[in-house]
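Sharing a structure below in structure tokens format, with a few things to ask.
For reference, chains read A, B, C, D, E and F in written order, and residue numbers begin at 1 within each chain.
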Amino acid sequence: MKILVVNPNTTATMTETAAHAARSVAAPGTEIVAVTAADGPASIEGYYDEAFAVPGLIRAIREGAADGADAAIVACFDDTGLDAARAFAAIPVVGLCEAALVTAGQIAKRISIVTTLSRSIVPIEDLVRRYGYAERVRVRASDVPVLALEDPASGARAKLTAEIERALVEDRAEAIVLGCAGMADLARALSLQYGLPVVDGVAAAVKQAEALVGLKLSTSKTGTYAPPPAKPYAGLLAGFAPL
Amino acid sequence: MKILVVNPNTTATMTETAAHAARSVAAPGTEIVAVTAADGPASIEGYYDEAFAVPGLIRAIREGAADGADAAIVACFDDTGLDAARAFAAIPVVGLCEAALVTAGQIAKRISIVTTLSRSIVPIEDLVRRYGYAERVRVRASDVPVLALEDPASGARAKLTAEIERALVEDRAEAIVLGCAGMADLARALSLQYGLPVVDGVAAAVKQAEALVGLKLSTSKTGTYAPPPAKPYAGLLAGFAPL
Amino acid sequence: MKILVVNPNTTATMTETAAHAARSVAAPGTEIVAVTAADGPASIEGYYDEAFAVPGLIRAIREGAADGADAAIVACFDDTGLDAARAFAAIPVVGLCEAALVTAGQIAKRISIVTTLSRSIVPIEDLVRRYGYAERVRVRASDVPVLALEDPASGARAKLTAEIERALVEDRAEAIVLGCAGMADLARALSLQYGLPVVDGVAAAVKQAEALVGLKLSTSKTGTYAPPPAKPYAGLLAGFAPL
Amino acid sequence: MKILVVNPNTTATMTETAAHAARSVAAPGTEIVAVTAADGPASIEGYYDEAFAVPGLIRAIREGAADGADAAIVACFDDTGLDAARAFAAIPVVGLCEAALVTAGQIAKRISIVTTLSRSIVPIEDLVRRYGYAERVRVRASDVPVLALEDPASGARAKLTAEIERALVEDRAEAIVLGCAGMADLARALSLQYGLPVVDGVAAAVKQAEALVGLKLSTSKTGTYAPPPAKPYAGLLAGFAPL
Amino acid sequence: MKILVVNPNTTATMTETAAHAARSVAAPGTEIVAVTAADGPASIEGYYDEAFAVPGLIRAIREGAADGADAAIVACFDDTGLDAARAFAAIPVVGLCEAALVTAGQIAKRISIVTTLSRSIVPIEDLVRRYGYAERVRVRASDVPVLALEDPASGARAKLTAEIERALVEDRAEAIVLGCAGMADLARALSLQYGLPVVDGVAAAVKQAEALVGLKLSTSKTGTYAPPPAKPYAGLLAGFAPL
Amino acid sequence: MKILVVNPNTTATMTETAAHAARSVAAPGTEIVAVTAADGPASIEGYYDEAFAVPGLIRAIREGAADGADAAIVACFDDTGLDAARAFAAIPVVGLCEAALVTAGQIAKRISIVTTLSRSIVPIEDLVRRYGYAERVRVRASDVPVLALEDPASGARAKLTAEIERALVEDRAEAIVLGCAGMADLARALSLQYGLPVVDGVAAAVKQAEALVGLKLSTSKTGTYAPPPAKPYAGLLAGFAPL
């Protein structure tokens, strides 16, 4: 089984982090192919960047599927372009936020998502509501940049753990979801530290992708996700026209 | 006051239809500037096309704002790219679906939206839910192409009125929203025919844009719609990097 | 275009405040006619006063419509008697709370309403829920009387700004709605002070009324707002019988 | 225990019907005092009539409470003026729709309300939503006038039973609530006919009133239902000023 | 009228407390028969204990009904086994949480439930949501064991009142529901102390049971609560097979 | 990895069906251990049977966990006893309905569940609402007994497919979930027949169990699912006391 992990931003080091997280949980026999989008923003911070990450994401999924991928993961916690990708791809496409929520929701009642930037709270709350978890999920931000978490001298990890501790007290959180891409190692360490499940989105998504492929299920092509009708595309985006 | 009407698909005849609808209701002193997106799909039918319409939409709003527009309207009933545009623009940005719902919601309790394609029902239902109208709005499709409505020989209008009649009986609709861009003339004729309000999205959006400009209000730049942080954009989309 | 602003309480100075707010945003060509209800409470503070404000409100709308008004505004943030007025009037009727929410909702995601009395919080929350904004609106009270806001020596404005500042921090508000009638000047000053949209209900309602009249739309007379059947009315209220 | 049944419309025969229904289920030791409002509409059909029924209702409750009533029932299925009455009265005030729903909700999952006029569907749906029963209640209209139900030759009962039968099939109703005032006899007959609970609002309200009085509980005077502050009332309604 | 109060845990002293609470509010002519479950846990603290309390509860209701009970009360605030009991019993079955909410909901808008253990918060929130009160009810825990409340030296009552005081301030509670079984005396004392309604579940349930019996209503046997089809039961639970 | 599949009813042939379904999708290296509950009903049809299935279920999970199971599946579509099992077990516990919904929800927007008996519709709708899928899931019953599906002469399959076809038209279903335990073969055949995803609960649950074990995640022991405190259990159920 070959699972494509697409980083929809154009920063290759983040792709590496996600790939590492994915490989650390992949089942024997699952091959992880990680790619970086070629077009679009260096990071995704809010609705604007999100919108411009989609063309690069779609191109990467198209190429990965042509190379034999059995499923694709959009490796960004905002589930950027997930509906567009599902409408286009013949293989199942999995999002980090959705995968993390369905995972955490089977092992805990109250869940807190701790993301990096506070401007991402509302977009993530939109996702939480759309996926049906609004009654039991709270979204928080630690206001630390993702990359800082890898630097022990940055004080970033202290900010993250402080926010988790607030979630335990104020939200009575029973599980924590880390709202950024690819922190499987950190999730495990925090889980031990706090004695409750800490879910990493990339790791959760790999398992949901394995589940769908293992069940021989793919996105419904009836109704909302039916393939887009053929039509001309103009200008910069001419290359993305559906066939 | 100068209001920019951006058709986010690349078909100029649709831009004309929307421009005509906009001008037919614009207040004295309101200038309507209608533009067609230069990049992207010839029409927007579902999530895939929607995603690829955003870059062209953003470019058109950016240029229109530089030319002195006081507000922008995204002239597609799917409210394509509305959040991205709001995060970027210094002027208010109005969507057709949202404008039509807030208009109809002040004159009727139960509302039925009649759109063209059934594959658009779920995306529009997502919007209805997000805007808070789920309890009193039903979404229906007449399964006729927009352009056919302009051809008396096509039978398209009979299909549309048949769907409206079903809405009156099955939904007990008290107002109808026409779920496609730019049918102000049709709205008025249908309103007379059925004796209840029929709302056209472009017309409603012009009035909401005039209202916001008249109130000297623009999109909040605190929180969710704060301008995207400066960062590099790569590849095809390098030109869209936030400054 | 002639817009009737009805103050449903019987205090003429409040009518003046609302009239001033309305005129400050009215479009060229819009005439504002402000009237004070002749029957009922001197102010509206909760469900009891609300109920008794309706007959005076209806009488004022009836007379204003007979004098050629094109639309009516109920100038109380509780949207007192709005459904009754819509069921009766041939012209569109606009409420302050509804108008302010649809306005703020097009320029911000999270909204905080700051009203005067804490006993009004639950009735306003009922409106917020009915209009579909419960997921993104919080209601707060500054516990200052409306009139005190006009007296610089009262300390009232400090209380109001303190509550707005709590909304910014605790609710992460992106826009503020002032939950009392007619403070357009204050709204503009506070908007500059805090750097985010501050919406006044009367001003928003004038623009929604202009929008509906400009679109030639009026309240649906099919279903919920159909005119009340003719029937005898007895006692004090005999004069209000529907015809 | 003395329970006041107030008919908020001015038709005395309807008061008799409600009084009969109330007495048929009152506990030994419960005295039913039924009064007809002196002011307002002869019947309540929609939002307009509702609004004008409140002053007469309030006067009747005030006088009844002065005469020693222990609780009051608003004998109209629209729960007309219930919040205003609760804000004013020192005794508990019970509504028919709310009482019927809490009763039916303890003996069935899916409930269908069958009311008389289709224009009442939306106002009753508003109540259903406010009381928290939206997920399991459907509202239907049989389109027969209340009084016709008492005339065997009118064909009205056949229309009512036809609507109940549609509810059994289409809604899979497990209990029926009769959405008009005072049909305890009919409720019992229909319950035997269809083999499921049929709830009459007046009967249910008598039992809820007995329950509250028996528990020595009355309306909270903290917050939303705190007594209205003293203030002048003008014109026709001067007599209703809170003290 | 004979009302069966079943304590679904096996601790007889709690049965006595509930019986006392029930008798203190029962109408003249209502006989309270209190029984303790013979099988299952000594107390119910969360989902596990709840599940194992059902067989003893069902046996007690079956025997009580055979002895002529007209209605049954499940005397545990978690409404343990309520759906199972309703599906089986020919008499109405009332739950404490549901009865307390419908009672408090008729006399207050905002309600806070104060229960004993914080691990019960989520199960009670599930009930609150299912009964339709989520928008106006908050659930809190005082973290004192039930029995400690009867011991003046334990400090338990101070903890309970501290939590009530937090509810008054933080939730703006207008009524308090005591979320454990059988504290009618305490409810009355706290109601006097704080000047707002304090509702005890057992007392509320007695009145709801009297109401249903007085209305000659019992659980619907159509649909969800239809009697379970006859079938073999094996092992420990063979004696519970439906007939 | 060893996954325990517990049939909570006492009919061994159903256990075999579920075991077969589980094994047909298990990953290489996953061992399926299927057991039949020793205590309780021969089948689970509604709330009553559900309640009595829990002790046998818990005993089977306890024994299976002691024998080294890494996760448990409750092989009944009603998710019988799932919360109780999670509060008790140290290993993750997966439910069929929840697993099927999270699976279908990642590949389709609108989902219809087709279960066997119409009396199960409301309990399953309760689950759907609790899991957050109410807005996009409809529940239907084909009214055929599970076992009849295995008998080609019974006409049962025709009834099932007729109900699926109604779901496609009336619900515009994009995926079907089979609402009974263990029909993996049937799911695949129907999926091919109708050209859309058809999800079997047992198969979906196996994959969710593999996912959780693969992620080294188990049920949170903080809060709602904390282990039940030690206490005496009496009578028939003495053996189930928590330690």
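Simple rule for what comes next: a contact is a pair of C-beta atoms (placed from the backbone, for glycine too) under 8 Å apart; a residue touches a chain by one contact, two chains touch by 3 or more.
Note that this is a predicted model, so its numbers are computed, not measured.
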Common touching chains of chain C and chain B: A, D
Separation of mean Cα positions, chain F and chain A [Å, integer]: 27
Between chain A and chain E, centroid-to-centroid distance (C-alpha), Å: 44
Junction residues of chain A - those touching two or more other chains: 86, 109-110, 118, 121-122, 134-135, 172, 223-225
Overall pattern in which the protein chains touch one another (line/ring/star/complete/other): other
Chain pairs that touch, as defined at the top of this document: A-B, A-C, A-E, A-F, B-C, B-D, B-F, C-D, C-E, D-E, D-F, E-F
Chain A-touching residues of chain E, taken from the complex the two chains share: 118, 121-122, 129, 134
Residue ranges of chain B in contact with chain D within the complex: 109-110, 135, 172
Residues of chain B that touch chain A when the two form their complex: 10, 37-43, 45-52, 54-56, 58, 81, 83-84, 86-88, 118-119, 121-123, 126, 130, 223-229, 231-237, 240-242
Chain B - residues contacting chain C, complex: 25, 27-29, 86, 92, 94-95, 98-99, 102-103, 105-110, 131-135, 168, 172-175, 188, 195-197, 199, 203-204, 207-208, 210-212, 214-225
